[in-house]
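To keep things clear, I will list the structure first and then write my remarks on it.
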Amino acid sequence: MKSISAAFIMIVALLGTGSSAHAQTTQINTDYLMTVHIPTERKAIDNNTVIVNILPGGWVKGPKISGKILPPGGDWLRVMPSGALRLDVRLTIETDDGALIYMTYGGVVVMSKEAGEALGRGEVLNDKGVPYFITTPQFQTASEKYGWLNKLQGVGKMAEYKRTKDDSYVNYDIFGLR
Amino acid sequence: MKSISAAFIMIVALLGTGSSAHAQTTQINTDYLMTVHIPTERKAIDNNTVIVNILPGGWVKGPKISGKILPPGGDWLRVMPSGALRLDVRLTIETDDGALIYMTYGGVVVMSKEAGEALGRGEVLNDKGVPYFITTPQFQTASEKYGWLNKLQGVGKMAEYKRTKDDSYVNYDIFGLR
Amino acid sequence: MKSISAAFIMIVALLGTGSSAHAQTTQINTDYLMTVHIPTERKAIDNNTVIVNILPGGWVKGPKISGKILPPGGDWLRVMPSGALRLDVRLTIETDDGALIYMTYGGVVVMSKEAGEALGRGEVLNDKGVPYFITTPQFQTASEKYGWLNKLQGVGKMAEYKRTKDDSYVNYDIFGLR
Amino acid sequence: MKSISAAFIMIVALLGTGSSAHAQTTQINTDYLMTVHIPTERKAIDNNTVIVNILPGGWVKGPKISGKILPPGGDWLRVMPSGALRLDVRLTIETDDGALIYMTYGGVVVMSKEAGEALGRGEVLNDKGVPYFITTPQFQTASEKYGWLNKLQGVGKMAEYKRTKDDSYVNYDIFGLR
């Protein structure tokens, strides 16, 4: 039913000026790649920039990849005028079989008063608990085995988020987009 | 001692409810936002960097937003060692009701010999014709009406791609990720 | 007391092997490269970001290089919490003999009330008129003739700055640093 | 012939209104700020990107500032088609009196066969030993005491550079540009 109406919209668009159709003609698909665990500590530079250090102990695990996160790793968070946060993460993965993968991502995080209070009480938020927490990883590696990652734009979604004095981390699920 | 306790923690985690679960617990959802039409011309700087100028005539159209693309707009494409292209786009949208929206995106494009030849023959590729063409737009605006865009990480997928001497453009569908 | 012990540490270090000397041992030299003329128009996105479009008519001139500025060219200015502006410029030069040079730069601009008022009266500021206006250009080209630019970190200093409704531009002197 | 006509054009311009003078009218001045010591370890991702981790033990020292470098700190080096290296450094300084200063810089490094061989023999290079090693630091801090750094574009010049298996570091002198 969906594909019929999509086809109909496309026909209508093609009957128009056509060469620059302006209706949806594509769909986004996602393939689960891995889950990432990132232990963190935060330092606010000013009311515009927060630096998140990625502590030892980070890892990635998934059907085709598994490894640990090496330093230097961090997020140089920017607080936008809208109150939304923009991520700017750089980290390096060393796979269990010794390959190095450089992973970078932006992303958008929107907190809420409720989520901030829950974090303050030491609660672990999940993807329902934070209004919005999406990242867009890219990968760079010289490894032949993991070379498929070079040709992928990823998307990440927060799965768990905890922030106490002694134990702060975020877990993402990462998917390949196509 | 350290590695023993680390191993112990991991075992506990595996036995436990997953306070650091490493399996998929989230899903990506997409909402169609708009289609973007970007007329272009290309200049290769070297075998590493191509600059794509966004020509006059670009537009965006969608259920909740419609407008035109203003200069300066461009893509400062980087050719990666893997052969994949990384996009680095900056452009400004002026909506039909006068709001300014700054849109930026990275993304990954993988071409193929067949796709390159088809482009060379003047054919219009669609999302089946290029092996891979995904972008990750972010938005910045002071407009209250369009303020919801500030709080969104987008994803774009190529819908049409043409590249001849006189007529080169790309159309994307853009979706909000959640 | 503090400065005494700092001086003492410095003396000890200077007497030592010097493998991590912490006193000035180098000097910065500059070589004049060219002057750049950039006609502009500005669009404020929000109180954090201003987009400056580089209009047609821009040029560079110097002892070893002369050419014009091609689109896309712009500055995606960021207003920092301190009130200082950070530049983020991308532009392309086409030399008189047909080479393409991609030039990018950051930089720091600090305005003053007096400078803003003078601009508002249509005055042309010079490097004494704006408290601070320094840029740091880098160059990328495949041209053999201009290949020396690839191996240079530049610095630019504002020479003229005008901003009226009909005529806005900035002129920089650009120097090679060594 | 070419230089004669260029000179003629320049004379005409100087005789003109000068609203777009294209000859040097400014000069660059530098003020010594501090020396930075950065212990490092390197990981090559591919033939395009090298990641340099900043190890514990880094410091800055100067007439008005002194402190240590905190993680996360790194350089995400890019090898350009010309063979020149572009730096992309992010690090955080904690001053002796407890202020946090976020420092970022690009820069250009050009190595030579001789310099590479000297490094390989364990020699400490100085600013005469590497053909080219210039950086362009910017600073961001909420500290009132160090707030003057927010309004400064810096330049750095390599003073010492060593790279052995057990002991790798770089020392820069950093200057304020005006």
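Quick notes on this structure:
As written, the chains take the letters A, B, C and D, and residue 1 is the first residue of each chain.
Just so it is clear, contacts are C-beta pairs under 8 Å (C-beta built on N, C-alpha and C of every residue); 3 or more make two chains touch, one makes a residue touch a chain.
A quick note: this is a predicted structure, and the numbers were derived from the prediction, not measured.
When the contact pairs of A-C are matched by residue number against A-D, B-D or A-B, over half are shared only with B-D. Of the two chain pairs examined here, C-D and B-C, it is C-D that is joined by more C-beta pairs in contact. At the interface between chain A and chain B, two copies of one sequence, more than half of the residue numbers in use are shared by both copies.
Centre-to-centre, using mean CA coordinates, chain A is 31 Å away from chain D. The geometric centre of chain C is 15 Å away from that of chain D, both derived from CA atoms. As a whole-number value, the distance joining the C-alpha centres of chain B and chain C reads 30 Å. Among the residues of chain B, those in touch with two or more other chains are 46-48, 80-82, 140, 142.
Taken as a graph of touching chains, this assembly is fully connected, with contact between every pair of chains. By the touch criterion given at the top, residues 43-49, 51, 53-54, 70-74, 76, 90, 92, 100-102, 140-142 of chain B touch chain C in their complex. Those residues of chain D whose C-beta lies close enough to touch chain C in the complex are 6, 10, 19-28, 30, 32, 35, 37, 59, 61-62, 66, 80-82, 84, 86, 106-108, 110, 124, 126-127, 132, 134-136, 138, 140, 142, 147, 150-153, 155, 157-160, 162, 169, 171, 173, 175, 177-178. In the complex of the two chains, the chain C residues touching chain A come out as 46-48, 80-82.
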